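Quick heads-up: structures coming right below.
Paired with chain B in one complex and with chain C in the other, chain A is shared by the two complexes that follow.
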Partner chain A sequence: MFALLGISPQQLFQQLLVGLINGSFYALLSLGLSVIFGMLNIVNFAHGALYMMGAFAAYFLLNLLGLNYWFALVLAPLIVGAFGALLERVLLRRLAGLDPLYSLLLTFGLALVIQGLFQNFFGSSGLPYAMPSQLTGATNLGFMFLPIYRGWVVVFSAVVCFSTWFLIEKTRLGAYLRAATENPTLVRAFGINVPRMITLTYAFGIGLAALAGVLAAPIYQVRPAMGADIISVVFAVVVIGGMGSILGSIVTGFALGIIEGLTKVFYPEASNTVVFVIMAFVLLIRPAGLFGRTA
Partner chain B sequence: MSEPSPTAPISPHAHSGRDEKVAFVIMTALLLVAPFVIYPFFLMQALCIALFACAFNLLVGYVGLLSFGHAMFLGLASYVSAHAAKVWGLDPALAILAGVASSALLGIVTGALAIRRQGIYFAMITLALSQMIYFFCLEAPFTHGEDGIQSVPQGMLLHFIDLSNQTILYYFVLAVFLFGFLVIYRTINSPFGDILKAIRENEPRAVSLGYRADQYKLAAFVLSAALAGLAGATKAIFAQNASLTDVQFSMSGEVVLMTLLGGMGTIYGPVVGAFIVVAMQQYLGQYLGEWVTVIQGSIFVVCVLLFRRGIVGEIAGFFKRSL
Partner chain C sequence: MTDAMLAPAKTASAAAPLLKISGLEAWYGESHILHGVDFDVRPGEVVTLLGRNGAGKTTTLKSIMGIVGKRKGSARFEGKEIIGLASDRIARLGIALCPEERGIFASLSVQENLMLPPRIAASGGLTLDRIFTLFPNLKERLASGGSKLSGGEQQMLAIARILRTGAKLLMLDEPTEGLAPVIIQQIGRTIAELKQEGFTILLVEQNFRFASTVADRYFVMEHGRVIDAFANSELEANMGKLHDYLGV
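Now for the complex of A and B:
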């Protein structure tokens, strides 16, 4: 079969893996966007910039404080998440009740400021971030060599995504969250601090983006433009999946990563645009997105 | 939608239109004498970008649709008209028409897709589609990738107007700008424009009154795309090149910035915003480097938080006029 298609199985599985890795990042980022959208009803255009900050946070933790990858995996999302909470408290909250387009413009402006500042101080070229020593090397699966770190990224992202799904859909805290999305005033009347929940939700969504940034740091280099490069694809993923469903954004993220990877094998010219083409088709057939509810 | 729409409030004088006409005479007079005082290349650049911003504002200010991918129309039209003038050797007027036609066609396709969703989704869809056009322009053979199309001939307009003469070229660009501006002004103040505003204010209500909102939105989208294309095509002819800069995402972001800074939903706001932003890039760009991005981002934040009506919107509000 492989001979017929004119590609080696090795090549196919390599690209599938690359696709899965990108899919992990799409899933983490679109999941964060969905969580934020559900609670705050805004599209966070600064998501890419905060993903980039996660990667830089890992870089600084290592090079300034000597804290390795494992610390960064915990600390970077916390630090960047706290920064997100600050943004929500100081800036985004002022726009509550206005047309959501204003918060979109505000977060877009923030993305420009953050990216511009990092570009000023660190230039456009990438900074290397070493792979953690425990995860270097590769293992032979029989049909392909699997670099251990890449396997780790896919498994760990999947675990984080499904934990988030469990947290929101199956726990009491998640129930409050979903209730506050539906009717914030009523939930407040029950004595639940909804404004604080909004801040924490925003911080959590940002934390997921920062986590994706830390995971990406050893694979791609740490670059100021890394967020801007990925964000338009993530938006297309969000449009395809529809922002109504948590599980939907996870599945769509991974699936589109894989499709992108396969396109690199079979028709490389289209690998940059395949996600956008799929978006166009989904809009024609199911305008609300594959998992979306019509508003 | 129950939220207030992103536009200046309608003042008591809104329908008299006298202030707008006075402002038009002043603007035209200033632009006629400007090349004697200011570097014409900068003026032509600013005029093209201002027309681009006005076209964008037609959509965001009067239909309430925020496009985050408008650079695709500017960029595609500039490539097509540059190619038509250089490779096909067309008359500059025909080359510009070819550019406008290409962006109008692209507007029909992308508009039909994008208006299937509203609000923030509309912004994300237009952004994604424009990324697709960017990759197309990066890889298609006729655009020459990173090099772009260089040394496009300015040529003889209609065989007798020599556009390589800088003075004539300037007044040609000015004429194109004023034409586009008046088309937009006329559209906004027509029954068609009133229906667009009705859709912006309350789409379900407009639909219940029997207006096919989707058709009106698509028509406005295509008109906006065609005028953005006119700006891009003219830019390619006067600047004698077409490059990836005009089709990049940063250009889509800049046009949002100009319109927000000048005043969304005001007729003169985008012109003011475009001149400020282009001047900032032209004259401060060399000193500021990457700080330009930081400053642009800060302007977004300040505008959204402190003066959402933009410069012209605030002035008009202060004097209780409509501009």
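Now for the complex of A and C:
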């Protein structure tokens, strides 16, 4: 069969893996965007820049404080998440209740400022970030060689995504979030500090982006433009999955990564555009997205 | 105003009011809705606000709860001024609102809706068992989505979920609106039982026949002010006036 298609199974599985890796990043980033959009009703264009900050946080933790990858996995999301909380308190909160266009412009501007600052100080070429020694090497699965670190990224991302879904859809805390998405005034009148919940939700979404940044650092190097490179695809993923849908952003993230990988095998010329072509079709057929609820 | 307003109703204690509203004003954006509302609610009482549509009854409840844009004047709950507080702080002091539109969350199950309001006091709230005795239908529908309930079930859920929390003052905004007579009766019985349990209830009603089955005192509102007050024992004597006020 493989001979018939003119490709080797090695090639197919390699590209599938690359697709899964990209899908992991799409899923983590679009999940954060969905959580933020659901609760704050803003499209967070600064998401890519904060993903990049996550990677830089890992780099600084290693090179300035000597804290390795495993520390970075925990600390970078906390540090960048705290920065997100600050952004929400100081800037985004002032735009609550206004036309979403304002927050879109603000976060887009923030993304440019943050990326510009990093470019100014660290240049545009990448800084190397070593793979953690425990996850180097590869394992032979019989049909392909699996680099261990890449397998780790896929599994770990899937676990984080599933945990987030569980937290939001199945726990009491998640019930507060879903209720506040529907009617924040009433939830607050029940005695829940909704403004604090909004800050923490934004910080959590940003933390997911920073986590993706740490995971990406050993694969892609640490570059100021890394966020800008990935974010347009991520927004396409969010549109396809449906704005604000938790499960939708996870499933669509992984699925589009795989579709992108397969396109690289069968029709490489289209691999950069396939996501956007799918987005155009979804917008024509289901404007609310595959998992979105029509208002 | 009559003397009855100042005299405690039979069932209520003569203690200081649980809630005392004086000179309360409120705005929605530019529109001035409340123009100085005065009344009080004593511990253990059921007090009903009557008045035509647009008289400011719902706005009064919302102002007490802290969910109206701009407020002025005074509202004291257990002696503490609450007019400047955020609504989550007010709720934590022991006031709970069952809104007119019921506010059942469609994306939450019945169980999640019921368990949503956090407990604000260690004691005082009803147990789940007790709540299910009051509203047996809810127990069967726990796993349903919030949007799948009938109007009556939604109203019961909206009342039930504020009974768990330990709030002392329950504010019910038109709990009988649009419901079948048999369900109205059930809600009437529930309010009577809640009063027995020691809850203080501030009720907004258009349906004063329903209100007369549960209320200790009435305040009549018009154009954002309280214009009259009487006890339930004086209801018959005030029927003529009431018809004029309410236009029924």
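Please note the rule applied: the second predicted complex is superposed on the first by the 294 of 295 C-alpha atoms of A that agree within 3 Å, B and C clash if a C-alpha of one lies under 4 Å from a C-alpha of the other, contacts with A are read in each partner's own complex, and residues count from 1 in each chain.
As a working rule, contacts are C-beta pairs under 8 Å (C-beta built on N, C-alpha and C of every residue); 3 or more make two chains touch, one makes a residue touch a chain.
Nothing here was measured: the structure is a model prediction, and the numbers come from that model.
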{"item": "First, second, both or neither for A:Val194, with chain B first and chain C second", "value": "second"}
{"item": "Partner chain in contact with A:Ile285 - chain B first, chain C second, else both or neither", "value": "neither"}
{"item": "Greater chain A contact set [chain C / chain B]", "value": "B"}
{"item": "Partner chain in contact with A:Thr185 - chain B first, chain C second, else both or neither", "value": "second"}
{"item": "First (chain B), second (chain C), both or neither touched by A:Leu64", "value": "neither"}
{"item": "Shared contact residues on chain A - chain B and chain C", "value": "none"}
{"item": "Chain C contact footprint on chain A (complex, rising order)", "value": "172, 175-176, 178-179, 181-183, 185-194"}
{"item": "Touch list for chain C against partner chain A, complex", "value": "65-67, 86-88, 90-92, 96-97, 99, 103, 105-108, 112, 115-118, 120, 162, 165"}
{"item": "Chain A-facing residues of chain B, complex", "value": "1, 3-6, 66, 113-114, 116-121, 123-125, 127-129, 131-132, 135-136, 139, 249, 253, 256, 260, 289-301, 303-305, 308"}
{"item": "Residues of chain A touching chain B in the complex", "value": "37, 42-43, 91, 94-95, 97-106, 108-117, 119-120, 228, 232-233, 235-236, 238-239, 269, 272-273, 275-277, 279-280, 283-284, 287, 295"}
